[in-house]
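The same subunit A turns up in both complexes below, where it pairs with subunit B and then with subunit C.
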Partner chain A sequence: MLVPEFVPQIFCSLYLPAIYTGFIVGFVGLVGIAINKSDIHVLILTDIVGLAMLIVVGAVGTDLAEALILPGLVVELAEILAISEILISREMRKKGKSSSLLPTPYVFDMEVMTTAPNFLSLLLIGYGIFLTGFTGGVVAGGGILLYVLSRKAKGLPIVLIDGIGAISGIAWCLWIVGFLLFFITPDLWLLSLFLAACGLLLKVASKMGLIGTLMREEFKRE
Partner chain B sequence: MVTFELNIWFYTGCTLTIIGSLATVWGPGVKDPIVRTLNTEIPSVGISLMLLTYNHTLALLTFVATSVVISLILLRAITRLEEIGAEV
Partner chain C sequence: MDLGSLGGDLMGIVPLGDIVLYLTPLHLFMFIAVLTFTFLIAISRTETQVEASFGDLKDNELKVGLAEFKARRFLAIICGIATAGAMITGDLFNFILFVALTGVVNVGIVSAVKQIDVLDAAFQYGLIAMMASLPLFGGGAIILAATGTLSFFELAKFTSNSMVLFGSTLLLIGVAGETGIAPFFATKAEMFRTPGSPFILIIHLSSLFMIIRAIEILLVIIT
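So, the complex of A and B:
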């Protein structure tokens, strides 16, 4: 068997049962999709097929497999969100009624929202930049989210929202360049590591900030 | 010395995943989309056990977070469809 030596022996013995489980689950999910006619039921069952994908990738048992699970999870989440929105907007057009994402208007009346958002978000963004990478992006993005949600009074102009999207795209390019450098010139590993880490930080942070800008429209609703 | 039996966790995870996926597709009451969404939690627990066996810490944490968010999105989508009056 062609297995690299750093894969533990026990994971090799677990490989076949895991792969069979993945195939069985994927088959069951696909049969369910084939026999169901309703769109929302099919959407729920694609979740099961996504789980089968996770098993097949995770069964390899290396760090690379773990690293490949993360984007798979995020893509699956985005896909389900997008498809459910499309389904709902289609039904809204058919029936001529509308329904917004949050069931009741949210009005946050917490003291921290008015007294200390500047300090707290600065702290979170600073710590996030210190951490870099995926985790740092989440922490810094949390800071941006807190700032955007607590400043409910004035809205950001459209140009700024587009600008955040552009930062996200540039950060994506940094990440890809970092990855490419890893393979082309392994001597520059430190540079490529930092390119990838900072790119991912900017990417995740700006995405979370974008979520905050979009969600604020919902929060302002009385 | 207590030996930590890895296979128990792994095969429990496999069994839960297979049974849960069968329950989601053909289980009782799955005509109701809310029941179907809640049934998807069973294979999620199974996968969590499998990821735990493989020591995939980051993947496990992200998976727990995303599966919660996915079930929230699906439940809200179902209730929104019912609010509009569409057939679910």
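So, the complex of A and C:
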């Protein structure tokens, strides 16, 4: 038995049902794909097969399996985005029309955009920095996004910071360096932990900010 | 199976905790070969397809625009680097990721073309690649569950059981679907009819090299 002694027996016995669940879900998805003839339905059903993959990987339940889940999810998302983009461009070529990134105009008539967005975004960014890591990055990025959107909603000018994507890339390198230090010198675990956590915070937060700059272009277009 | 008997003499190992990198002449040769091909593809220009038309004497030239050319060259280089990484990696996890990356990039290389038939083929290939990620990642996870490691250096020491065999079978199906070889080639065949030859060729090249490495990996795991 590979599983350590302190793991309860019930967790080990859950592995087989979880694997079966995954394969049954995948099989159901494949049957659906075989029956269906519409391209968009096939695309959506294919995502079910991808979810079944997550179940099969998640059934293992170790940290290595978790390391497999995250890239698996990212690959799934990247593929479904790419394929849906191909589907859209094929249909557009058939019809001879073109379409923009967001076909319908975005208008946010929400009270939060005009009352206290600055305080809220400050709170979100502060809490995100306190959290660090992936979660903190998402929270802080949400704060940046709220700030950009609220300024746009109030009709104020937005300071353009080009190259915010470069911050994301450089911060990602911090993460990689932290990871490498873990392997090469395990004694410096605290330093590498903080390098990884803060690098990931900066990376994810600036990525979310990048979404904000993208939204800026499309927002309030009539 | 012993690592040395498959890929030649073991040239050295780099132990990094869980991850043990190792180098054999076979891997080194394939790595350098893929990088050379990638370099040749990166510096080359695209071909111009000439289509003869029925009924008259005109020829129809199909050219690739500059923006499309640049995007395709970038994706072809990424594809080559991913293939080279899969050749030299000593970890099943990395291999799975590189295979998945080539699957995504292969769809990307043909995604900007104008022919509807080719887009149709790319759509079908993308669907198969997405479905194949279930056996690919699932096979890796089952091997991980059965042996407790993903490093080939450790996997070579394990005697195989039925669970490892099942995981390896799934892995083979996954690699076949993701690279679009034999049972799934029908989805991919039409993709090569678009102009822009050297960049299209790396789709073929990557799948050939991937399948060689996949078979070596399966031999290491099973026997």
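Everything below uses one rule, namely that the second predicted complex is superposed on the first by the 151 of 222 C-alpha atoms of A that agree within 3 Å, B and C clash if a C-alpha of one lies under 4 Å from a C-alpha of the other, contacts with A are read in each partner's own complex, and residues count from 1 in each chain.
The criterion applied here is as follows: a residue touches a chain if its C-beta (ideal position, glycine included) is under 8 Å from a C-beta of that chain, and two chains touch if they have at least 3 such contacts.
Remember, it's a predicted structure, so these values are computed and weren't measured experimentally.
**Student:** Between subunit B (first) and subunit C (second), which does A:86 come into contact with in this model arrangement: first, second, both, or neither?
**Tutor:** second
**Student:** Please work out whether A:164 is in contact with subunit B alone, subunit C alone, both, or neither, and reply first, second, both or neither.
**Tutor:** Neither: A:164 stays clear of subunit B and subunit C.
**Student:** Once the shared chain is lined up, is A:193 touching subunit B (first), subunit C (second), both, or neither of them?
**Tutor:** In the superposed model, A:193 contacts neither subunit B nor subunit C.
**Student:** By the touch definition at the top of the document, which applies to A:94: first (subunit B), second (subunit C), both, or neither?
**Tutor:** Both: A:94 reaches subunit B and subunit C.
**Student:** Which of the two partners, first being subunit B and second being subunit C, lies in contact with A:32: first, second, both, or neither?
**Tutor:** In the superposed model, A:32 contacts subunit B only, not subunit C.
**Student:** Taking the superposition as given, does A:184 touch the first partner, subunit B, the second, subunit C, both, or neither?
**Tutor:** In the superposition, A:184 touches subunit C alone.
**Student:** Which parts of subunit A are touched by subunit B and by subunit C alike?
**Tutor:** Residues common to the subunit A contacts of subunit C and of subunit B are 43, 47, 52, 59, 65, 76, 80, 87, 94, listed in rising order.
**Student:** Which residues of subunit C touch subunit A once you look at their complex with the stated criterion?
**Tutor:** 16-19, 93, 96-97, 100-101, 103-104, 107-108, 111, 114, 116, 119-120, 122-123, 126-127, 129-131, 133-134, 136-138, 140-142, 144-145, 147-148, 150
**Student:** Residue numbers of subunit A touching subunit B in their complex, please.
**Tutor:** The contact residues of subunit A facing subunit B are 10-11, 14, 17-18, 21, 24-25, 28-29, 31-32, 38, 40-41, 43-45, 47-48, 51-52, 54-55, 58-59, 61, 65-66, 69-70, 73-74, 76-77, 80-81, 84, 87-88, 91-92, 94-95, 97-99, 101, 103.
**Student:** Please output the residues of subunit A touching subunit C within their complex, sorted ascending.
**Tutor:** Listed in rising order, the residues of subunit A that touch subunit C are 2, 15, 19, 22, 26, 30, 33, 39, 42-43, 46-47, 49-50, 52-53, 56-57, 59-60, 62, 64-65, 67-68, 71-72, 75-76, 78-80, 82-83, 85-87, 89-90, 93-94, 182-184, 186.
**Student:** In their shared complex, at which residues does subunit B touch subunit A?
**Tutor:** Residue list for subunit B touching subunit A: 6-7, 10-11, 14, 17-18, 21-22, 24-26, 33, 36-37, 40, 43-44, 47, 50-51, 53-54, 56, 58-59, 62-63, 66, 69-70, 73-74, 76-81, 83-88.
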